[in-house]
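Next come two complexes, and both contain subunit A; in the first it sits with subunit B, in the second with subunit C.
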Partner chain A sequence: MSSEKKKYRFTEAVYLIEILRGLSVTIKHFFIKRKFAINYPEEKLRITGNTKQIIQAMDKDAQYLAERPEIIMNYRGKHRLLFDGDLIRCVACKMCETVCPFFAIYIEPEESRDPRKERVPKIFELDLTRCAYCGYCVEACPENAITMTSDYSLVAKQRPELVLQKETMRKVIE
Partner chain B sequence: MPTFEIDGKKITVEQGKTVLESARDNGIEIPYFCFHESFRSGGLCRMCLVEIEKMPKLQTACTTIATEGMVVKTTTDRVKQARSAMLEFILTNHPLDCPDCDQAGECVLQEYSHRYGPDKSVFTEPKQLREHIQLSELIAYDPERCIMCERCVRYYRDIVGTEELAVMQRGAHAEITTFPGKQLNYGYVGNISDICPVGALTTKDFRFKERVFNLRATETICPLCEAGCLIYADAKMYTVYRIRSRNPYVESIHDHPSRNVTSFYPKPYINAISRSSFICDDGRLNYNKQINNKVIDSPVNRLESGNNNWDDILAFVSQRIKQSGSKTAGILSPFATNEEAYAFMYLMKHAAGSSMLSMIRFPEAKEYATAVRLKLRRGVQAPNAKGIEQIAKSFNIKLISLEEIIMAKPECLYVLGPVFGQMDTVAGKLDGIPYVAVQDFKASPLTDKAHVVMPGASYAQKNGTYTNGEGKVQRLRKVVKIKGNGRDDLVILADIIYNITGKQLGRFDQVLGTLMKEVPSFNDIDFNKLTMDFSFRKAAGRLW
Partner chain C sequence: MVDYITILIYALISIVVFAVLLSTVAVLTLAERRISAFMQDRLGPNRVGPWGLLQPVADGIKFIMKEDVIPLEVNRFLYILAPLMTIIPAMLAFAVVPFGHDLFLRGRVINLQVANFDIGILYIFAIAAMGIFGIIIGGWASNNKYSLLGGLRSASQFISYEIAMSLAVIGILMVYGSLRLNDIAQYQGSLWFGFIPKWGILVQPLGFIIFIVSVYAETNRVPFDLPEAEAELVGGYHTEYSSMKFAFFFMGEYANMITASALIATLYFGGWQVPYLHNIGFIFPKLGIFHLQQWLVALIEILSFAIKVGFFLFLFLWIRWTLPRFRFDQLTDLGWKVLIPLALLNIVVTGALMMLRII
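Now for the complex of A and B:
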């Protein structure tokens, strides 16, 4: 193998044209004004799915939602527990508790009073201060009882508010 | 001694052994649900079907006796198809609710479905849903999960002998019940949940408590009586969740030959006192009372306020024992391990120079009314009484009674080991003694009254050996760490001995080595086996 020196064309050898071509991206953004920064919490990200409809139903001037960048569909936000009517889907099998790398989930099972199910969680706690939103719990769940929503607003005045309970996780909107 | 061929391998077995047993002993796996060494084979589950040359149909390996010149095949297509079809049939009404089921993780059906089962079922009919039945206060029975292996029925027929369980109804409606209005008696009920290959029989104390794949099983012994039954203590973090009987035969699928885990006891060791590998319900349930409940948290010194740390208290106790000299008396619990007993007697004899030593005599453990007519029974003495007597003999110490010690008016009294209420009546008589030190892990009237309390470890928190009623030295293993400020009993005693005489006793295995040299009955123990830290089935839940 011989290492021959590459022969450049004239336009390449001058460099300037290539530099201008690279700069054209920067120059384009200099003239086209698009807003990327969002002044949270006055402004919020556009939320997809049901939440958008709910917000639009409440506030008719919520047209601004459409102009903001959108949260991607598989965003991993606050967790939600699913219910079939009154009956919780979770069977307290502790798969999520086992798989959780951060020990964020604590479950205490009990005998169910409903004939459709044998056991249900007596306590289901999810500590958002420990959670890293990896989504393993959703993958591990054999009953599809836990999902992650696009709710990214995780502010609380006190730490205990960030420990989600069974009932609070039911009310998390999509 | 018939010689026969199995999967092309020639093996010689004892006369009268079945094909299944001889295959398993030689590392060839034949799946089974219903077979159990302690019962007569029933040939019920049809899982162990094998092909035998010159026999037109497949034979159940658990009921076929191995004979000379037999040629057995376990891996032919015909056998594989029969296994797969049998599993499909068992699963027609078995709910696949493994997430709900307590057995998931140690379930034989789950394991075999993975290995031999069909990938789909031809049955399209909906599965039966049935409510669980309470067979006794301790046992819940789930008919929909039951695979009708009748192990529990045969346990009550062959081992207990009372035949309280029976199969009622037929076909898909079959279920295991007691006679109408009757319940199973407390005493030896819990064993049927251990031998159930699926999650049909669950004990109330463990039902829904913890998933088995999160638990770490430790081989240890039951410390309740002199029988010294073999048990597994399953624990997670600081908590013991359940006690199971440990079958010295190859029993659970986790120590099946195919998993390359050799059984700890190479030869089946059947306990001569309890006469089987099964354990009583007291032994099964006592962990909650003893380990997980409230214990003494930190050392207490009621004579000098403010000096409640370990170093000060140990120095204080050592000084007192040194001062009292031969006026020191010791009271020893038979629940103390051999090593602790050795250290305690060394302390009395060589450090204090006293031979006033007494062992608490627990009243003879009552045999249960049911157990009398059963083939099972319990030991009648406290666990380590025999071992302590042997060690005392080698020290030339005569164990005297409690009353004699109180009569002698010692200046300093040292009480070792769990007293379990036996000293409560005596506690009142100790008023005259100016100094009482107690080493115990649970609060009692005695610890309330004592001048110095040193929190020790419960039996699941320490290493040691016990000598059972038949003279066999058995290993007690550490299952969980001590949660509070307590210390290992042997460490406390060794520290006091070091403070007084400057001799270092060492850890439990070093003390056991000394016992081997000095006490005649310990001469022939297998030191390596007893000191081996043997626990398998680590927490399997973690993915990394």
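Now for the complex of A and C:
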């Protein structure tokens, strides 16, 4: 038991007035339009802003509520493989496969038919059920061939759908 | 001679009241979750049906489909009896609550309530006290230390607050001079100084505060929900219950809330009274009479009663999502050292004011 009793102001001691104050807070939130939850499959998060903007906005709480950027641009989501026109950038050097802490990437190289490259991946598999989205593969890549998008909505009915293939990760850069 | 048509009408009224009570319980389970969500800037369940209105149906189906587990070491008879002892009194207590003027129907007087007892309010207290036995027995029969603690807390909490609640109501009974809830509601239509309706809140402001606090404790709602304090007692008295048995406890709690709200509205907010509305229409002092059909009057009164009860149900939820839970010693302190002396003071002051013919 505490030896000293806290001194209360009169309004706090009566308790009922403080209850009214509390009730006014909750009713304000009851009528507030902006809800933090979104109706997920119908609504999705807006992709705006970057980390710096978000930190600035969070400093001013009210402003943060009003114009909260919902997802940052450099968010680490689903991967993509870049293609220069028809030609894949990847040279099947297996740097990403080596650096991946979760063994999520599997590459099988083959000889390139294009004169500009020696080898290209025949199979490039990325298992999203293993991936932790650490982004090491992106940093390890010497050719900037693999990058990440802000696509966070990874839903599938069967597990094989979550193993990305070369074709499903294709992103053509003009 | 027995008047079969009157019996038939009352049977119809009781069926309608029962159906409305049950569907209000269903809506309340949804409202609790939606309102709590809104107060926390969330959305709440909105998937099943428009605005999630079919969620109670989904919950009901889920409760029925669940396995009904009876643990091995429980006292089987009491274990099965307890949920029934909670829900049946909760449903019965609403019977004496009036929701409109008497209707005159071809020479018959029809009270808009299921049963117009002489003992009215005493009946509610007696039946509500039966409901607490369900919780205590459930806690005992479960053979679980948390359930037992929940049941014990419920018992001591009930004893502490029943006194304060009854004493607060004595003030009302002194002023209105009747135990019949219909008479009490009727009396609140009379005017004070010619224009202020004599509602209980104006006549008995202190009694109202004592009554509403005690009622929150009686119905085991936050901030006095110690019998089921989930942070301390897992689930309290219903820890060991599953499936429909748990649903009965749950529905019993909500039905008690509805009865409590109806009681607050009837005793302190005029029940079905609308200011200046009498059974022939609106009568404004010095302004004249505005005639209305008795059906229309009854409809307005039922609506007014529903709005008042709805507001107090909302208040129950609103307070639940605002206040933290009391500690147990604070709870008993508040009951015995604050509310009971204040209730006694209220009786003395009311008596003095009645002697001076102010109320």
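Observations on the structure shown:
The rule is short, and it goes like this: the second predicted complex is superposed on the first by the 115 of 174 C-alpha atoms of A that agree within 3 Å, B and C clash if a C-alpha of one lies under 4 Å from a C-alpha of the other, contacts with A are read in each partner's own complex, and residues count from 1 in each chain.
Everything that follows uses one rule, which is that a residue touches a chain if its C-beta (ideal position, glycine included) is under 8 Å from a C-beta of that chain, and two chains touch if they have at least 3 such contacts.
Being a predicted model, the structure only gives us computed values, none of them experimental.
In the superposed pair of complexes, A:N39 makes contact with subunit C only, with no contact to subunit B. Contacts of A:F30 after superposition on the shared chain: subunit C is touched, whereas subunit B is not.
In the superposition on chain A, A:P109 contacts subunit B only, with no contact to subunit C. When the shared chain is aligned, subunit C comes close enough to touch A:G22, but subunit B does not.
Of the two partner chains placed by superposition, A:G135 touches none, neither subunit B nor subunit C. Legend: residue contacts after superposition of the two complexes on their common chain; A:R119 is shown touching subunit B, with no touch to subunit C. Of the two partner chains, neither subunit B nor subunit C is touched by A:G77.
The residues of subunit A lying in touch with subunit B in their complex are 91-95, 98-99, 101, 109-111, 115, 117-119, 142-143.
Interface of subunit B with subunit A (complex): residues 97-100, 104, 131-132, 207-211, 213-214, 541-544. Listing the residues of subunit C that touch subunit A in their complex gives 35, 37-43, 46, 209, 318-319, 321-323. Interface of subunit A with subunit C (complex): residues 16, 19, 22-23, 25-27, 29-30, 32, 34-37, 39.
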